[in-house]
Each structure stands twice: as structure tokens, then as C-alpha cells.
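Structures for review follow.
The same chain A turns up in both complexes below, where it pairs with chain B and then with chain C.
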Partner chain A sequence: MRMIETKNVQLYYGDFHALKDISMQIESNTVTALIGPSGCGKSTYLRLFNRMNDLIDNVRIEGDVLVEGRDIYGKGLGMRIDELRKKVGMVFQKPNPFPKSIFENVAYGLRVNGIKNKDYIEERVETSLKQSALWNEVKDKLNKSAFELSGGQQQRLCIARALANEPSVLLMDEPASALDPISTAKIEELIYELKEKYTIIIVTHNMQQAGRVSDKTAFFYLGELIEYDTTPHIFTNPTDSRTQAYVTGRFG
Partner chain B sequence: MSHLDTELKRLKSECIEMFDLVASQLRKAQLAMVDFDKELAHEVNFNEKRVNALELKIDKDCENIFALFNPVAIDLRFVLAVLKINSNLERVGDIADGIARYVIEAQAPFSAELMEITRLNEMFDQAISMMNDTQLAFQNENAKLARGVFQKDELLDQINGAANAAIEVVIRRNVDGITPALHIVSAIRKLERTGDQTKNVAEEIIFYLEAKVLKHLEK
Partner chain C sequence: MKRAYRQFTERFIEGLLALSGTVTSLTVLLIVVFLFNEGLSLFGTSPLENKTALVVNESNPVQKLSAVSIKDIFDQKITNWKEVGGKDEDILIITVNDIGNYYSEEQIGAEFEHLPDCFSRLVDSLPNALAVINESYRTSYFKGHTIDVNKNNLPDFLSGKEWFPTAEPAVQLGVLPLILGTLMVSLLAILLALPIGLATAIYMAEIADERIRKVLKPVIELLAGIPSVVYGFFGLITIVPFIHDVFDLPVGETALAGSLVLAIMALPTIITVSEDAIRNTPRSMREASLALGANKWQTIQKVVLPYSMSGISAAAILGIGRAIGETMAVLMVTGNAAVMPKSILQPVRTIPATIAAELGEAPNGGVHYKALFALGCILFIITLIINIWVERISAKRKFKK
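Then we have the complex of A and B:
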């Protein structure tokens, strides 16, 4: 099933043309890696899917962005932004827990959405922490501050927080770049497991990571989508010479 | 189990499948020759395509693991070993196919006397036994069993060395039987080579398990 689709998307920051005619389809329950040098548009592309670019002044977006077949920018039978934010969770480069307890960090999204049923919230918190492979490490200290956790644990907490609302899509913007190798490996394993339930799009500067975790890889360069194919294809026999130069570390 | 572990496990299963397939090809080639069973020989010939297809699949999977997972240490040695084991097994598959072709080409059953004095059957049995040992060594990560293969190869060399003299006597007695006799000699040569291929496989297993390079060394 197709989870996400963009059709001829153009994005401008004022006069700067950041995304140039991007058309792409992403199947559900897959991991898609977005790679490319800094400033190539990969994070901008990722942020299309939860409308985070809207927060930037002078942004102009053309084309269609569909999640589950519905336009998320409100055209036609579009999806409202509050509905979108429930469907699409996001994890950022640096762990950003709230100054609250571990429990409240995960419960936050549910409470914001007006859920008051205590049993349901407890069940969702536990499930989300289990899905993010953190439960065993925190189950005895759920009321402790999230800041007492290590960086890797904080990032898994942020993943649990994103999962609590039962999204369909998980966006990850360099989720392991601030973590040590062991924590990175845990996050990568988690991504591999989570794709059974979620559609994951990950921006990464680490090409080995893209190779390890993703089913498909999209290479962006100067705002263009240069190549989008299965990850084995991109890493063994890319079609475009620019992709080859990038994945072999010869530029970027 | 990590994603890489899953991929390595799958690669191991595929390699075991290759061992099974090639050993079965060799056994069928033996039966086809001894029983002069042309149908079975055609089956070996047909299954050679499966061997080739599986070789390509394993090669591709190794390539993907190198490219996507950057394996190191024992994982790296494992993938390197599988790549070479795969190639050696495919050659054993070619040998089985080559022997089956002799059966397909032959006009009449091979002389039982000739097979007896050249110890062809014994050679087949030994070659298959070596294949089984290397497969078990690979499957159970048993370097000791892999080392045992080097001794077993001596019998193949011995039979091969004596085959010319044995066959010469028979040919002198019956010049009309030169072609089938040459097929038997060729089969013996091929089986001797399976011994070398199997030894290579055993070396790769030891390299993977113990990080020891045995190539070009006295064993």
C-alpha cells in the first residue's frame, strides 16, 4: 500500500528554490533513507510530511503531498493539520525530552489530544516504551525526570513519545547523529523492528546507516531528487554518476 | 537478532542449500555412470542451471552485505569465506555436470571391470564423503572436521595417480573400448579436482572460524 506520495513538489524559501519538482512514492511498512550533502533539500523534504516547513517565513509550496492518499496541504478532501500530526510522528537529531517525568513525556501527546482515561494512557505509555526498547530500562523509574536518562535512552524516549499517538508514519531527522556507537546500534535495530508497524523516513548523513536500516534510498542534490531506488541498488550499482560519486565518498 | 545477524543467517542457509545441491549432483552423477542411467544424467544436466542460479544469488547477497552492512572481524571473514566457498561449490557442480555428459554421450554402459580396476566408485564415495564433511564443518562451525578433509584428499590423489597404469592395460587388450575408457579417466581426473575444490572449501572454513590462512601451506 502506498503511504506517502509527492507529485511535482516545488518548495521555495523566498527566492531560494529548495526542492525542485520532486515526485516520489513511499510504500507502507518500509524504511526510506534520504541522503545527500548538506543543503541538498533532504531535511526540507522530510519536513513536508508533517508541515513543519510552514513555520518558516516566506515558504511557498507547490505540487501535491499525499499521506494515505489525502492531500495534507488542505486541498480537495485534504487532511486537517491536527489529524496529520497524529498520523505523522517525528524524532529529531538531538534528543529533546520535556522537563517532565519519563511517564509524562510519553503521555504528553495523548493528554494534548484530550485523552483522560488513566488506564488507556498507562497502557499506551507501556506499549510505546516497549516498542522503543526502553521499557526494561525505565519501568522502575517512570516518575524520574527524563533528564536522568543517557543520551541514547533520551532518544528512545523521544521515539516512544512519537509512537504514543499511534502514528502511521515516523519521520527521523538524523536520529542517531548525536549518539555513541552502542546507542546508535540500538536505534538502528529499533528502526528495523519498527518498520513492521510503521512507515519510516529517515534523513541521515551516515551512508553506512542508510545501508543498514533502509529498504529504499533517495539521493538528493541541489534540491533535485537524483536517484531513488532500492538500497542495495543504490549502494552496489547506482544509475547516476552523481549518486555513485556521493556514496563512494568522492564528493559532498 | 540484529539486522546483520539475520542477513548472515540467511546467507548461511543459502550456502548450506548450495552444499546440498552440489553433493546431490555428484551422487546422481555417480549413479548415472555406474547404472548407465541416461535419464538421471539428463537430470544432473538440467539441475546445473539451479546450481548456477544459486551461485549468482549467493554472490549478489554477499555483495549486498558488503555494501550495506560493512561487516568486520568474524562477520567479514564469514562473508569472504562464503564468497569463495560458493565459487568452489559451483565448480564441483560443473564437474558433476561434466561427468553426467559422458553418460549422455556414451553409446553403451561403462565396463564394470574398468570401473573396478580404476576404483572409480571408491573415488566417487570419497569425494562425496569429503563434501559431506565440509558441509558439516561449515554448518556446525567445526574446524577440526574441516581439517580432516585434507587427509581424505590423499586417497583421491592416490587413485588418480594409479588410474593411468590401470587403464593402459585394459586399453591394450581392447582397442575398441578407448572412448569409454577415456571417459572414465576423465571422470577420475574431474573427481580428483573435486578433492582440490573441497580442500579449498575446508581452508575457507578454517579461515572463517580461526582467522588462519592455510593456502599454499603444507597441511
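Then we have the complex of A and C:
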């Protein structure tokens, strides 16, 4: 099933042309890695899917972005922004738990979406924490501040927070770049498991990570989508010479 | 050579910086020591006027009186010795002014040289007399005994309900009405200013676009630069008549008027500090909230405000600090009646206003003068307590929540 599709997307920050004519399809229950040097537009592209770019002034977007076949930027029959953000969860580069308890962090998405049923919230919190492999570490201190957790635990909490909304898509913007190698390995393992239920798009600077976790890889360069193919193909037999240069570490 | 010079300059600058730090700390210490030294010297002094003594008949069993009962006797609220632990006799007050009723001018003497003698005989002959005399009259010939007056002490000072530092013969130094007046005016001011200030801060940090902010911000900062006397005038000609008319009061100078003026004065501090705190909420926090489907208002309410709570508390402390210490504007609009405050529609008097109004008329080094310094100490302690208290609250929120 086709989860996400972009058709001829152009994005401008003021006069700066940040995404140039990008068309791409992402299948459900796959992990797609977006790679490329800094400033190539991969994070901007990722943030199209939950309309995070809307927060920046002077952004102009052309073209179509479809999630589950529905236009998310179009007016009229398109998807409402709160509905979209429930469907498309996001994990950020640095762990950013709220100044609340562990429980309230995970319950946040449910509460802001108007869910009041206590039993349901408790059940969702537990399930989400289990899915993000954090439950055993925090089940005895759910009322403690989220700031008491380690960096790796905080990031898994942020994943649990995104999962509590039962999204279909999980966007990850360099989710392990601020973590130590052991925490990174845990996050990668988690991504592998979450693929069963979710469509995952991950931005990463780490070539090995992209190779380990993703099914498909897209290489961005200067706002253009240079190459998009299965991960083994991108890493062993790229078509474009710029892709080859980047994945072998000759620039970037 | 050049290196040695550079090293010397670095050391010199370091030394200079360390020196400024030390000088500042020492100055603070010096002020506190000075304040408490003057203020605490009040306790142990006599509430009686300089060189005054109270004497009674030898047979009178009353040995001791408090400052409050002395005042009540002279105000004729206490008229019988029984009420202060003596015999069932009316109290007869005799002062220098009354002595002419008992003795002729010849008997007193042209130079008042026989005055002590007259007092002695009078007190000896009247068992119910209470005479106010100069201490120097009390020689070994004097018939009658001196009344001990309780010295000024901290419990009476704090719990006394009457502030009348110029009363004769015994001054009344009860600061309770002043403390309550100060707290009432300041807390009410913060209650009024905090919601408005916070709302403005949220508006400026989250909602207003850059153009509006560019106009609003300097205007609010200008509000902080207006001298307090001007606020006082403003209060006097607008707020005071307004309260007078709206509540149909005999006078408009009330606690409420003071609170309103103080609220306006505390606004710029509250707005600026809490706006900074709100702006300092990391962008990633807002993004995380929005990405979970929260709308802008939910994000402000559930993430931004809890995150900036310590900054907002700081804004509140600074506002209270400003309100408690403010002198001139409050002096001008609160009516300055040193009575126990019963409602916000009555005149009250605050501690700073008392100090400012009375220091000029208090003789240097006298009881009144020292009492004003003791008031300064109380003001200092109140501010200190509020600071520590809110500091702890904000620290708690930061770690627990």
C-alpha cells in the first residue's frame, strides 16, 4: 500500500528554493532513510509530512503531498492538520520531553486530542511504553519527572509519546545523533521492530545507520532528489556519481 | 617582555573584577549591619519621653505599667487604679500644667525652684495621684515611688496594635497595623497585576506579530521609567476620585487606590520578565507539542507556561518586591491612617510610607528615630522571606514536574 506520495513538490524559504521538484512514493511498513549533506533539504522534506514547515515564516509550498491518498495541504476535501498530526508522529533530533511526569508525557497526545477516558489513557500509555521498550525501566516511577531519565531513555520516551496517538507514520529526524552508541543501538533495534506496524521515515547523517535500518534510501543534494532506490542498491551500486561519492564518504 | 606585560594586564583585570564583586558584597553587608544595628538598638530603651518619670504615692501598690496602659490612663480609658492592679481609687493625673491648681506662684517660686518640692508634697498628700515629673526632681527627699515602665521589646513591638510614636508621655510602637497594611496593599496589587501582566506577556511572546510587538515593547518599558511621584499624582487625581465616587466613600484614599497604583507600577517588571521566560521555552518543546496534534493554545497552556513557570515566579517576586518597597506613590494615595486595616476601602499606612513621612520629624537618635529603623528591618525581613519562599517554589517545580 502506498502510504505517502509527493508530486512535484517545490518549497521556498522566502527567495531560497529549498526543495526542487520532488516526486517520491513511500510504501507502508517500510523504513525509508533520507540521506545527504547538511542543508540538502532532507529535514525540510521530512517536515512536509506533518506540516511542521508551516511554523516558519515566509514558507511557500507548491505541488501535492498525499498521506494515505489524501492531500494534506489542499483546501476543501484535504486532511485537517490535527487529524494529520495524529496520523503522522514525529521524533526529534534531541530528546525533548515535556516538563511533566513520564506518564503525562506519554498521555499528552491523547489528552490534547480530547480523550478523557482514564482506563483507555492508562492502557495506551502502558502499550506505548512497551512498544518503545521503556516499560520495564520506568513502570515503577511513572510519576517521576521525565527529566530524571537518561538521554537514551528520554528519546525512547519521545518515541512512546508519538506512538500513543496510534499513528500510521513515524517521522524521525536524526533520532540517535545526540545519543551514545549503546542507546543508538537500542533505538535502531526499536526501529526494526516498529516497522511491523508503522511506516517509518528517518533522516540520518550516519551511513552505517541508514544501511542497517532502512529498506529504501533517498539521497538528497542541494534541494534535489538525486536517487531513490532500495538501500542495498544505493550503497553498493548507485546510478549517480554524486550518490556514489557521498555514500563512500568522499564528500558531505 | 610583551608576554609579561600581557600577563600583568590579565591579572590586573581579574583583580579589578574580583574587587568589584567584593565591594558590592561588602556594601550589601554594610547596609544590612547598619540597618539592624540602628533598628535593634530600639529594644531596651524606655517608651517614656526623654528624662520623664512617673511617680505615685508611697502607699500605692502599683509598681509597674506598660506603655499601652499609660496611654490608656492619659486617654482616660483607664480611670481607676483597680484596673492596673491597685486600690479602688480614681486616678488623678498631675502634670506641670496642673501644679498651679494646687500651689500659688510664690510657693512654686519665680524660677520654679520649688517645683520638685511641690510635686513631692502633692504626691505624698494624694494617695491616688500619678505625677509626670522630670527625672531630675526625683532626689532623695522626694516622697513617693517611681513607676517602672516596661522597656520597648520585640513581642510588644510586633503585636502592638497602635502606632503613635509622638504620644505623651509614653510613645506607642505597635507595628502590626503597618505590617498588615503593607502586606494588604502589596498582595492585592500583585493579585491585580499578575493576571494582566501574564496575559500581556503571553500576547507579546506568542500572539502579537512583530510590528505590534515593536510598538508595545517600548511603551511598556517606558512605563517602568516614569518616576513614582508621577504615578502618585496620577493616582491622586484619577484613581482616588474614581474610588471615592464608585464606592461612595468619605475619602477615596484607600488601600485599594494604593493597590491599583502599585499594580500599574509592577506591570512592566512582570511583563518583561515573564515574556523573556516564555520566549526562552525551547522551540523543540513547542514543536513536539504541535507535532502531537495540540493546537497553539493547548501548547501554550500545557507546555510553554509550565516550562517558564520559574521565570514567571521570578516575575511575581520582583513585582511583589517592587510593591512592598514602593514609598512615594503609596504615601500619596493610601490616606496613611495607622490603624488596623479592616477592608480594602479604608485608609491604610504602609511601612515605607511611614518611614518616609516620619523620619523628618523624628529627633535623631531618639526612640521614634530608632523605631523607624526597626521598621526598616521588618521590611527587609519581609522581602527576604518572600524571596526565599518563591525561590523554593520555583526550584521545586523545576525538578518535580
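The working rule: the second predicted complex is superposed on the first by the 250 of 252 C-alpha atoms of A that agree within 3 Å, B and C clash if a C-alpha of one lies under 4 Å from a C-alpha of the other, contacts with A are read in each partner's own complex, and residues count from 1 in each chain.
Convention: a contact is a pair of C-beta atoms (placed from the backbone, for glycine too) under 8 Å apart; a residue touches a chain by one contact, two chains touch by 3 or more.
Computed from a prediction, not measured in an experiment: that's the story for all the values here.
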Check your understanding: Between chain B (first) and chain C (second), which does A:Thr204 come into contact with in this model arrangement: first, second, both, or neither?
Key -> neither
Exercise for review: Have a look at where A:Asn113 lands relative to chain B and chain C in the superposition and call it first, second, both or neither.
Suggested key: second
Check your understanding: Is A:Met90 touching the first partner chain B, the second partner chain C, both, or neither of them?
Key -> second
Point to revise | Partner touching more residues of chain A, whether chain B or chain C | key: C
Review point. Which of the two partners, first being chain B and second being chain C, lies in contact with A:Phe98: first, second, both, or neither?
Key: second
Check your understanding: What is the contact status of A:Arg161 with respect to chain B (first) and chain C (second): first, second, both, or neither?
Key -> second
Point to revise | Partner chain(s) touched by A:Tyr192 [first = chain B, second = chain C, both, neither] | key: first
Review point. Who does A:Leu55 touch here: chain B (first), chain C (second), both, or neither?
Key: second
Review point. Looking at chain A, which of its residues have contacts with both chain B and chain C?
Key: none
Review point. Which of the residues in chain B come into contact with chain A in the complex?
Key: 2-4, 63-64, 67-70
Practice item. Under the touch definition given earlier, write down the residues of chain C that touch chain A in their complex. Key: 282, 284-295, 298, 302-303, 306-307, 398-401
**Study point:** Footprint of chain B on chain A - complex, ascending
**Key:** 185, 188-189, 192, 208, 211-213, 231-232, 235-236
**Study point:** chain C-facing residues of chain A, complex
**Key:** 50, 52, 55, 82-83, 85-86, 89-90, 92, 94, 96, 98-101, 108-109, 111-113, 145, 147, 158, 161-162, 165
